[in-house]
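Some structures are shown below for you to check.
Okay, so chain A shows up in both of these, paired with chain B first and chain C after.
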Partner chain A sequence: MSPRLRQAPLVLVATLAALFLAPAVVLPYYRIVLAEILVWGLFGMAFDLLFGYTGMLSFGQALFFGAGAYGAAYAVFKLGAGLWGALAVAVVVATVFAVAVGFFAVRVSGHYFLVLTITFSVVIFLVLESGHWRWITGGYSGRPFPAPPITLGPLSLPLTNSLAGYYFVVAAVAGAYALCYLLLASGLGWVFLSIRENEPRARLLGYNVEGYKLLAFSISGFFAGLSGALYALTSQYTNLSFFHWTISTNAVVWTVIGGTGTLLGPFLGSGLFIAGGDFLSAQVPNFPIAIGVLLLVFVLFAPEGLLGLLRRLARRPTAPV
Partner chain B sequence: MDKDLESTSRRDFLKVSGAAAIATAGWISPRAAKGATSAPIIIGHQCDLTGGISSWGYWHDKAAKAAVEEINKAGGIAGREVKLVTEDDETNPTVGARKFRRLIQFHSADFVIGSVHSGVNIASTPVAKELRTVYIPQGMAAEMTEDKGNRYVFRVGSDTYSQAAAGAPWVSANIGKKWTFIFADYAWGWSHFNEHKKVIEQVGGQVLADIPVPQGSKDFIPYLAKVPAETTELYSIFFGADSVAYFTQSKQLGFDKRMARYTMLCTHESISPKDIQGASEGIYLLEYLPRQLKYKDTPHNRKLRSLVHIDPVDGREEGGNRVVASSHYWAVWESVWLIKAGIEKSGWKSKKDTPDWIRAVEGMELKESFAHPQGDKVVRAQDHKAVIDFWMSRVENGEINVKFKIPKEEVAKKFPPRVDLTKETF
Partner chain C sequence: MTPEAQFILFGLNGLVWGLIIALIALGLSLVFGLIEIINIAHGDLFMLGAVLAWYMIQWTGNFWVALAAAPLAVGLLGMLIERGVLRPIEHKPIITILATFGLSLIFQQSVLATFGGAPQRIEEPIGGLIPLVGTFYPVYRVFVAGCALVALAGLWLLLYKTRYGMWMRAVRQDREMAVALGIASDQVYMLTFGLGAALAALGGVLAAPVTSLEFQMGLDVLPTAFIVVIIGGLGSLQGTLVAAVLLGVLEGLANVFVTPTTARIFSLLFMAVVLLVRPQGIFGKRP
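Entry: the complex of A and B
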């Protein structure tokens, strides 16, 4: 194990400690903002698993975010499920959705894959948006629902309590991060990387490339669904815009800004955009223009993302993948 | 393997942490404690300043600022200054819900006036209850003050339910009873269709066909071809560019000659008929406050219009080209004054008195005045919906002319409450 890899747990423990202590020093509103950054960062991480590690640029991840959000809401609203039941339903629905879409999508690659994922996204959004699906979607304006409590044995905490909700999100995202890290650190991660680097060679080596791509797509759908469920449960509502392909573009932008091919990058990107937008919107009229300028600056001068920029500023060479 | 973990050293981590600490320094800034009775009353405004409905949000912002300025000029509320804090929701539910929290948890807003985007409203209603804060949204989804709402949510303007109750009986009685609906194939369009259908059937009318059109359609000809020839009124509800495309093509095909075209003013908000080359000429539309001053030429309405600087005919901003969101901006103005009326009636002093404010406003009758220039109205106790006057108007020579006033008493006949929020505990 390299010295840097040995330091990784230290960095993660320090980050977790900072997240653990944050509620003691930040205003209650920022607990919500931090939790939201983590949830959207998880969504970005799900996308980066597909793009940064397996080389598939998907604009369809919102489908699985939306499936997770609506799966959780439906489980609570219609089935009377508790928190754990809602999470289970959400990730199952999102993963099944991902398997179904991925079955077709992974048969093509490059631009065709991108176009196919956008097409799926637009078609499914339009179908759901039509009034015929109101029984699931709750109508054009979405559906509020009561957040179930966090139950741990005899302990029951309200998810709407900003402190309990915050720690729940930190724990869930940390768990997902660790799971994703372990997956990528295993042989499976190396297969994904080999497909990203040289798909024909991976095929020549005997790997079932389509099978592994479908697996990556499904795992990504699982994590995107988890992020959707966490968002819906903590914010207590669903909206059809969760399925919209523009939600997918958020993941793309945050990941590119934070640093592709990394697990931490999407969290930094979502943090920069959400906290930055939150601050700028109160200072600058038509602040999305300022965000757009920032994006251009990053693409032109820091194409390796925020993590890469920080490393460059620290005059450290980028480590080989 | 994982680039970030493999190559992030302690020094990098400290740099990132340091940068984050600087960037978020304001997150831990101490805030003055509220609660003293002399402290300003803070009204939050969750406003669509950017995004899809920003042309409406611009007017809502102006109306809210004007109302607060006028109240402060007259001594504030119960001797306390009123402070308005505005946050841009980007016409986006996820941002809107966060900004709603920001208004309350960061700016310490005592009351919040909401977006006109129903998705933003629905995302905010559970938070209103969670944070025990009165929320007065401007969106038109009927369910916001029904099964998707709660006791903290109030309405001053109209919704799809009251719009159907106001417009459908008059159109059925005066134009014809054979309706065809052509509408955006998503739930907003369906909501209009379903609410209207119920009222039409009650008044002996008949729905000949419903023609949902996918959003973003630019070619309406295949859909217009399905309109039955015996239709007497063709009801449409589309938004933005789709709306203009529909008006243009239905006129080109001569539908304006063969039957009456009818819609809501929402399809013309912030749009002058003169700016769309007569495409909507002859159309009937339901207004919630006439765009032309002459149809509601009261000192109060005149004063409000002068405060937001609009001309008396087109509602165009003086020195600019923006057209007023005439059927909605007044509701923001009146929302601020409703907050004032509730505080004065209930003796509200701080957030803990919010249940008293709610009880005081439930069933409150508001008289036409400078505070309520749209007209007399009742904020119904059971569903927190406002029972208001409407106006049936028609586009003639590029101007929106009122043909008939529909008094709130007539509206109420087809608009009974469907929920009772007063049974909900605080």
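Entry: the complex of A and C
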């Protein structure tokens, strides 16, 4: 198993336990904030898989978040799908999007890859905004839609503003994390790391580098789509701004602040920023300035991210990879 | 209006916009070629130029003061950014991207807090129309094109005919050798970043009377500038200029046939195709 993947199981168990017990301690409002942190953390994790493990700096992740959100909304709105159907449609749509964009994008690397992913992002945003796709998107402001209930056998529980909805998000995100962890631990993680570390060498060893990059891009799109679907379903609304490339930058910020190549770091990053934003917006009228300042402080004084900082403070030697 | 006149008008509009984009993209290209920093805040420096110009016109009532002072102020700000924020982290490309993203947030939100969220306009400082193929063209746009060309010529003179330009090109080519020969590379970096910021701000001031000003106006410009820099070939300044003008004119001409958004989509797709079949750009050498 990759050294980076060896994460303290104790921390994971403690986090899960805390998340399960949280509703007993905190006000219902903070339950919503926690769920939001988890959903955006999942979006960051999808980016970390791509950038932290495979070394592909993409600014196009918003496309797959948007595709997942609209896929879920469309399935509920037009196809009358239930929760599971909506999730399935969402991840299929997002993954198809990712395969299509990735097919072109993996042909270039480095700065070219970054610019190409931004270009695709802007093009698809403009195409959707131009109004030809109103029958899917419902125009710029998107459309509110009723969230389907959580159906588990004979059970049917409300998804929004409820304890069941919160536990559903916790379970979905924990499941996605476990799936991503297992995928990376399966040996695929090693191939991704080898591409990140030395692309020509991976190629010389006989790996189909473009193929593996496309795989990483598609898996990342799958998880980004899942986060988009969860966001749309729990907040019961979609907006074209989900597709905007500035959404992609959130994932970059949270991942680097939390710790790159750690899978858990992005959750820490999204937690810090969303909880911090939530706190600051009540105190300071222009709280995004504070976020900008916080970001600067971090990159100047703790560029290895929160997890790296914790490791350094704990004086534990860092993994070689 | 005859179809030919329409063609010429839209083509000219595209050319003027292309030259403004060229100023912004050259700033980005200068910085990238030298420090390999992807400056996410570059679009916001463009925005700051336009917004500062608006304030200066409110205070002095004079566009020409703003045209001179706003780029200077933003240039100084650029030098401060390089010295204070980017220099300590210049060896970590990803970290610098994040730092500039933080700066971008700070700039946008500071403008939102002081300037407000509502779009504002600046009057064209030169009124009047020039008769042209049976119709009329605003004098101010011709002035913008002329001003941009003068700035580009000035940049070329600076880079190729002055000692400072020679230092800049030397540091760009081989930093260690340049330092060994006694060039103060730190100062060169700082001045280059300031120059890049000033160019973006100049683009902002010139564009201000033909567009509307708001705190997020840099967001749309930034991807365009990135694309132009890459298409022109990383580090090739001539390439950046050609790609910017090409993009502007293509988009302008496409406006004759389709809506502006569709024109935008087509020009971006064209750029994406160029990127895929010739990733080193039109003028770049194969890496």
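Operating definition for what follows: the second predicted complex is superposed on the first by the 313 of 321 C-alpha atoms of A that agree within 3 Å, B and C clash if a C-alpha of one lies under 4 Å from a C-alpha of the other, contacts with A are read in each partner's own complex, and residues count from 1 in each chain.
Convention: contacts are C-beta pairs under 8 Å (C-beta built on N, C-alpha and C of every residue); 3 or more make two chains touch, one makes a residue touch a chain.
Note that the structure is predicted; figures quoted are calculated from it, not measured.
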item: Which superposed partner A:288 touches (first chain B, second chain C, both, neither); value: both
item: First, second, both or neither for A:48, with chain B first and chain C second; value: neither
item: Which superposed partner A:130 touches (first chain B, second chain C, both, neither); value: both
item: Chain B versus chain C as contact partner of A:249, first or second or both or neither; value: second
item: Chain B versus chain C as contact partner of A:14, first or second or both or neither; value: first
item: Touching partner for A:275 - first (chain B), second (chain C), both, neither; value: first
item: Common interface residues of chain A - those touching chain B in one complex and chain C in the other; value: 126, 129-130, 285-286, 288
item: Residue ranges of chain A in contact with chain C within the complex; value: 57, 104, 107-108, 111-112, 114-116, 118-123, 126-127, 129-130, 245-246, 249, 252-253, 256, 260, 285-286, 288-289, 291-296, 298-300, 303
item: Chain A residues touching chain B - in the complex, by the definition given at the top; value: 2, 4-5, 7-8, 10-12, 14-15, 18, 25-30, 32-33, 36, 126, 129-131, 134, 137-147, 160, 181, 184-185, 189, 231, 235-237, 239-241, 259, 261-265, 268, 271, 275, 277-279, 281-282, 285-288, 307, 310-311, 313-314, 316, 318-319, 321
item: In the complex, chain B residues that touch chain A; value: 1-13, 15-17, 19-20, 23-24, 26-28, 31, 49-50, 87-88, 90, 92-95, 97-99, 101-102, 105-106, 118-119, 121-123, 125-127, 130, 139, 141, 143-144, 148, 185-191, 193, 212, 214-215
item: Chain C residues within the chain A interface of the complex; value: 38, 40, 85, 88-89, 92, 94-99, 101-106, 108-110, 112-113, 219, 223, 226-227, 230, 234, 259, 261-262, 264-265, 268-269, 271-272, 275-276, 279
